[in-house]
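What follows is chain A paired twice: with chain B in the first complex and chain C in the second.
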Partner chain A sequence: MPHRSFLFFILPSAIAMILFIALPIGSVLVQSLFVEHGQILHEVETCSPFGGCTTETRVDAEATNALRAAQPLGRFNGLGTYLNRNHLATGEIAAFWSASGSWGQFWSRVSQLPFYRALGFTIAYTLVVTPCGIALGFWIALAVNRIPKVLKGPVIFVSLLPMIITPLIGSLVLYWMLNSRGILGRALQWIADDPTLSIGSSGPLTWAVLFLYGIWIAAPFSFVVFYAGLQTVPQDTLESAMIDGASRWERVRFVVIPHLVPLATFVALVQLMDNFRVLEPIVGFNAQARATSLSFIIFNDLKAENGQLFGSAAATSMMTILFVVILLMPVLIRTWRDFSRKPA
Partner chain B sequence: MTAHRPSRLLSVFATLFVLVWMVTAGFPFLWTAWGSFKVEPDFFSRVDWTNALTGVNTVRQTGGAFTGDGYYGAWVLNDFWAAALSTAIVTVATVTLSLILGTLGGYALARSGYRYAFWILIVALIFRAMPHITLVSGYLVPFFELNIWGTLTTSIIVLVAINQPFTLWMLHSFFLSVPRDLDEAAMVDGCTRFQAFRTVILPVMWPGIITTGLFSFLLAYNDFAVTAMLLRQDNQTMIPKIASFLGSIQNEGNVMFAVSSVVSATVPLFLLVMFFQRQIVGGLTAGAVKG
Partner chain C sequence: MTRLSRISAAALLALAPAAALAECGIEGDGSVRVLANDFNALDLVMERVNSCAGDGVTVSVNQTEEHKNLQVPALSINPAEYTVAVIANNSLPPLLNAGLARPLDDLVAEYGDQLTDQQLIRIDGKIMAVAFMVNGQHLFIRQDIFDEAGIEEMPATWEEVLEDAQIIRDAGLIEYPLVSSYAPGWELAEEFINMYSAEGGQFFAPGSAEPAVNSPEGIAALEMMKAMTEFMDPDYLTIGSLEGSKMWGAGEAAIGQLWASQAGPLIDTEGDYPEVAAETVLIAAPSVADKGIPGAALFWDGFSIAQNISDEDAAASFQAMMYGIAPELAQEEPTGASWMIEGYEPTANAVGIVANLEGGVAYPTTPFMDLMHSALGTELVDYFQGNESAEQALEGVEAAYTAAAQERGFLN
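After this line comes the complex of A and B, so read on.
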């Protein structure tokens, strides 16, 4: 296709992506260097005939609003927002480092800081949910492959539900069952023999439930992809493995799994990207007291009732984007290698 | 040799495992749909979980074993119909625009043999990985300044743009499966490139376009980050509306509004899987095999 007609065809899509994906990233970068104006204060001296004079500090609402309207970005703050307590907290970490006696003490104090707390949960969620979801999907695919044909349609139908469900709705549906007055929450209390047990009051339990939710919505996707992959496993290879005396598990291990590896890398890539942006379950499970994610703290800054914290949200966003690029780095490097090896 | 005949034990085990998975995947929806016709003290029972089945309090409060009070409260008293209307407008417009931009772009990417087409796909992959909320934090200040915040049009355009990377990838791989000879034959017969695209390629692409449309629909319908931040209270779509029910949860009965609106919002998705199961499965595997 000549360059001219390529440009003609790609232009609408390219403009949309440049305007609403590339430019906003630039806008985030600029915003992260600014911070909201404080209120303008001025001193008023009031004198009464008897009491003498007192000076009072008042908020000059008019001047504050005028300044905010004139400079909507706020004032320039450089890297200040990145380094403050709510983000990288360099000052606090230095203080912890000198004050803490042991590594354990140091880490437990660092993990209390908002940014590191969110980062820790986001990474844990991504690293737990991605492999577990893929593994569960793989086992479901193997099992569904063995059951009678008439059952397969309904099984696939039901399996698709957690995947296509709106994440907020999915997490609410599970949350209502799991909270202390829901059916599963009651069952948990009965099993643990502890009537006061509730998911929300325990940190590890909240994390576990969020992970389970993640696996619940992630597994169907891997299941469907692997199930389709299983239909194309070369039968000859399977049969010759059987003749050579390979056991059932050996056939899965040495024939089926190698056949599915390219699919697994694709699934892993998509799921890593999706799990890293985890936001809705924390809203749905009302879990922010026990677990926050990078997306959630950005959301929280933007939702703030008394004044949205654009600078703070932008700084977290920039660092999140940086992590996404790091996450994609292996893929990008591999593509780059494949590409430069190929003769142009 | 035992390996030759299928082991019965293994089949039984597989069937059991599938059954457990089906219950895990399906029961939560069934339970919530059932519970949405009960009153709060039954569905969230402090006393006895079987109340949700028998509906003791529902009978006492409303006279029947099932009640539509939750639905009445959400749809009529709390204007959930308006949110449903907003959702309908946003999803239909987003899907249509996504497909128009996506087919043009995907076709170009599939037919161009140059290096830059490859790089555009890689950049699209990076864009696909951006968490939506990070982009939203970039929109707000400029949108306030341009005075375009809070309208459905803005949200639609943003959703179309956010969907583009995914749409491009998917349609690109569908277009690759249409042989190049087809457009070349049309162009030899005197079609321009665009005529060949519109009259020859698009008609054979319908299955791919429908599948991609389904996924664009899901992206737009399921979105929370964009619509929650970019729409006003009065033109909110369903998902942010449900989230705002949760905010005012103190009042007795409000939880049931949320439950019934959650069930209402699940119905279109349920129908979607019922009618388009084949296309959804096909789309997932097409992306996996070719992407």
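After this line comes the complex of A and C, so read on.
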């Protein structure tokens, strides 16, 4: 394709990408470098039903609004928000380092910092859920491919259910069932013969449930893609493998999997990004005591109830993007290599 | 009345605007758009406000628990999305900080004859909000379980609550007799604020935005809360006030620290929980040791009118709200809430909160309190999980608050 026509070909999507992806990210980046103007405070008399009239500190809304109108972006803060205690906490880490005697002590202090605690869970979730979700999806695809035609429709419907249900609703339903008064929670207590067993009160169990939920909800996407891919596996190769005496497992291992690898790369890319942005199950399972994620911190910062910290939310968003890029690096490098090898 | 029947009643009223109009008597035209929290007592007010819809006056009500997240963005635009924000003392400062509420002096003078001076919230000499009910947490006691355990005196301090809980457990009646709302976030922070108020602690250094919770009172408050968790369901870190009141209704607890606004259904012997309701007794929130301050911050619920709306809409909205909180409400629904409305006589459901008014401390309304509340909500969790000492947790709160306050421009 000549360069000119290629340019026109991609122009609409390029414009859309600049408008809806690049520009917003740019504005978030700018936002993350600024903090609000100093609030102008004054003492005024306040009368309320309890305690009568007292002198209280209030924001001088007029003066503060005037300041804001003059410079809407706020004060330039450089990387201050990135490095403060609620994010990378460089100062605190340096202090912990000099104060802690051992690595264990140091790590336990660092893991109490909100950003690192969230990062720990986010990475663990991504690394566990992505491969397991892909494997489960692949297994379902193989199974569905083998079952008789009459059963296919219903089985596909059931396997797609996790994708059809809104994630928040799905996690709420499971939360109620797994609650120590729910049907699954009670069943677990009965199986373990421990009436005090409860998922909400145990960190490892909460993580395990969130992981299982993640795998459940991630599997249908891999299943759909792999199932489509399975229809394109060359029957000749499969048959010749059968004639050579390959078992079913060997056919899957040496014929089907190599054929589906490019698809697996694509699925891994999408799933890594999705899983790194985990949010709904934490909200749905009421699990913020045991597990928080980077997206959860952003969500929390943007809640107006907490005074909407736009700079904080922007800084965490930028770091999330950075981590996603780092995570995707191996997959991207691989794709690039495949791409540059092909023409040769 | 169940919510369903209330909604149907509201729907019916909406179908018959002409009949309702005369009753409401709004002068002039305008649009009334209300943003409110979602609990039973406010349903009663909103039902009346809804009935004001008629020719020239349109009414829409959005009742949601997310109201605190919506109000600032929704009132910042011009014209504002809502004309009335139903607020409490903790949700008024964000509106004041941004100058989104209008002074009500003229409207009160013209249409507010029914209001008592106690209902008017004056800031810098101007009326910025009108309060109509008192809220706060207090103790719920199961009389039958106390009788069975042989406890004769009602607990007046948290120390006594712990003793009573131990007696109930030892008697084999309930393994986890205590219920409270310790879900991380807003509710856990609220419980700390209650206990810290009872200890007589200060949240900020006087006259500044510098945090002061890392204090002996703070540590004592956390230690008392931790001692209480011994007697709570092991899932306590996932239980909020909604779940808590359901657990109470299901008879799973004998001592509960819950909201006054939740009391109505829980003591209604013809409601959802007749057996538990008959045995539920309401008393003041306990104090700590001999300090004598009830361990529950006091709240008022009221409303403000948006700044960014036409004067016409503001007048219609104010009149609709006046009809909503008219003295007839307190007479028709005396058990609906602890009204601050003229002519209201406290009933059985208000006993607990009225007892709190004696010596109780109001929830702090400094402009940076929301940042402190949110820092408490996220940073105290580690202490309850045993990952941090009380002092480390409070250091964490101060550090998290400081970082947020610097970003918002309250601290340098």
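Observations on the model:
Methods note: the second predicted complex is superposed on the first by the 265 of 344 C-alpha atoms of A that agree within 3 Å, B and C clash if a C-alpha of one lies under 4 Å from a C-alpha of the other, contacts with A are read in each partner's own complex, and residues count from 1 in each chain.
Operating definition for what follows: a residue touches a chain if its C-beta (ideal position, glycine included) is under 8 Å from a C-beta of that chain, and two chains touch if they have at least 3 such contacts.
This is a predicted model, so every value here is computed, not measured.
When the two structures are aligned on the shared chain, A:Ser198 is found in touch with chain C, with no touch to chain B. Contacts of A:Ile93 after superposition on the shared chain: neither chain B nor chain C is touched. Within the superposed three-chain model, A:Ala289 lies in touch with chain C and out of touch with chain B [touch as defined at top]. Of the two partner chains, neither chain B nor chain C is touched by A:Cys132. In the superposed model, A:Ser48 lies in contact with chain C only, and not with chain B.
Of the two partner chains placed around the shared chain by superposition, neither chain B nor chain C is touched by A:Val233.
One of chain B and chain C touches more residues of chain A, and that partner is B.
Of the two partner chains placed around the shared chain by superposition, chain C is the only one that A:Glu62 touches, whereas chain B remains out of contact. In the superposition on chain A, contact is made by A:Asn300 with chain C only, not with chain B.
In the superposition on chain A, A:Thr81 makes contact with chain C only, not with chain B.
In the superposition on chain A, the residues of chain A touched by chain B in one structure and by chain C in the other are 179, 286, 303, 308.
Within the complex, the chain A residues that touch chain B are 1, 3, 5-6, 8-10, 12-14, 16-17, 19-28, 31, 72-73, 139-140, 142-144, 146-147, 151, 153-162, 164-169, 172-174, 176-177, 179, 181-183, 186-187, 216, 220-221, 224-225, 228-229, 242, 245-248, 263, 266-267, 273, 276-277, 279-280, 283, 286, 294-295, 298-299, 301-303, 308, 310, 313-314, 317, 320-321, 324-325, 327-328, 331-332, 335, 339, 344. Every residue of chain A that touches chain C in the complex is listed here, in rising order: 35-39, 41, 43-51, 53, 56-59, 61-62, 64-65, 74-75, 77, 81, 84-86, 92, 108, 112, 114, 179-180, 196, 198, 200-201, 203, 286-290, 300, 303-309, 311-312. On chain B, the positions that touch chain A within their shared complex are 1, 3-4, 6-7, 10-11, 13-15, 17-18, 21-22, 24-26, 28-29, 31-32, 35, 43-46, 49, 52, 100-102, 104-105, 107-109, 111-115, 117-118, 120, 122, 124-142, 144-145, 157-158, 160-162, 164-165, 168, 193-194, 197, 218, 221-222, 224-225, 228-229, 239, 242-243, 246, 258-259, 262, 265-266, 269-270, 272-274, 277, 280-281, 284-285, 287-289, 291. Those residues of chain C that touch chain A in the complex are listed here as 68-73, 89, 94, 96-99, 118-125, 131, 134, 183-186, 207, 209, 233-238, 240, 298, 300, 340, 357, 360-362, 365-367, 370-371, 373-374, 378-379, 381-382, 384-385, 387-388, 392, 396, 399-400, 402-404, 406-410, 412.
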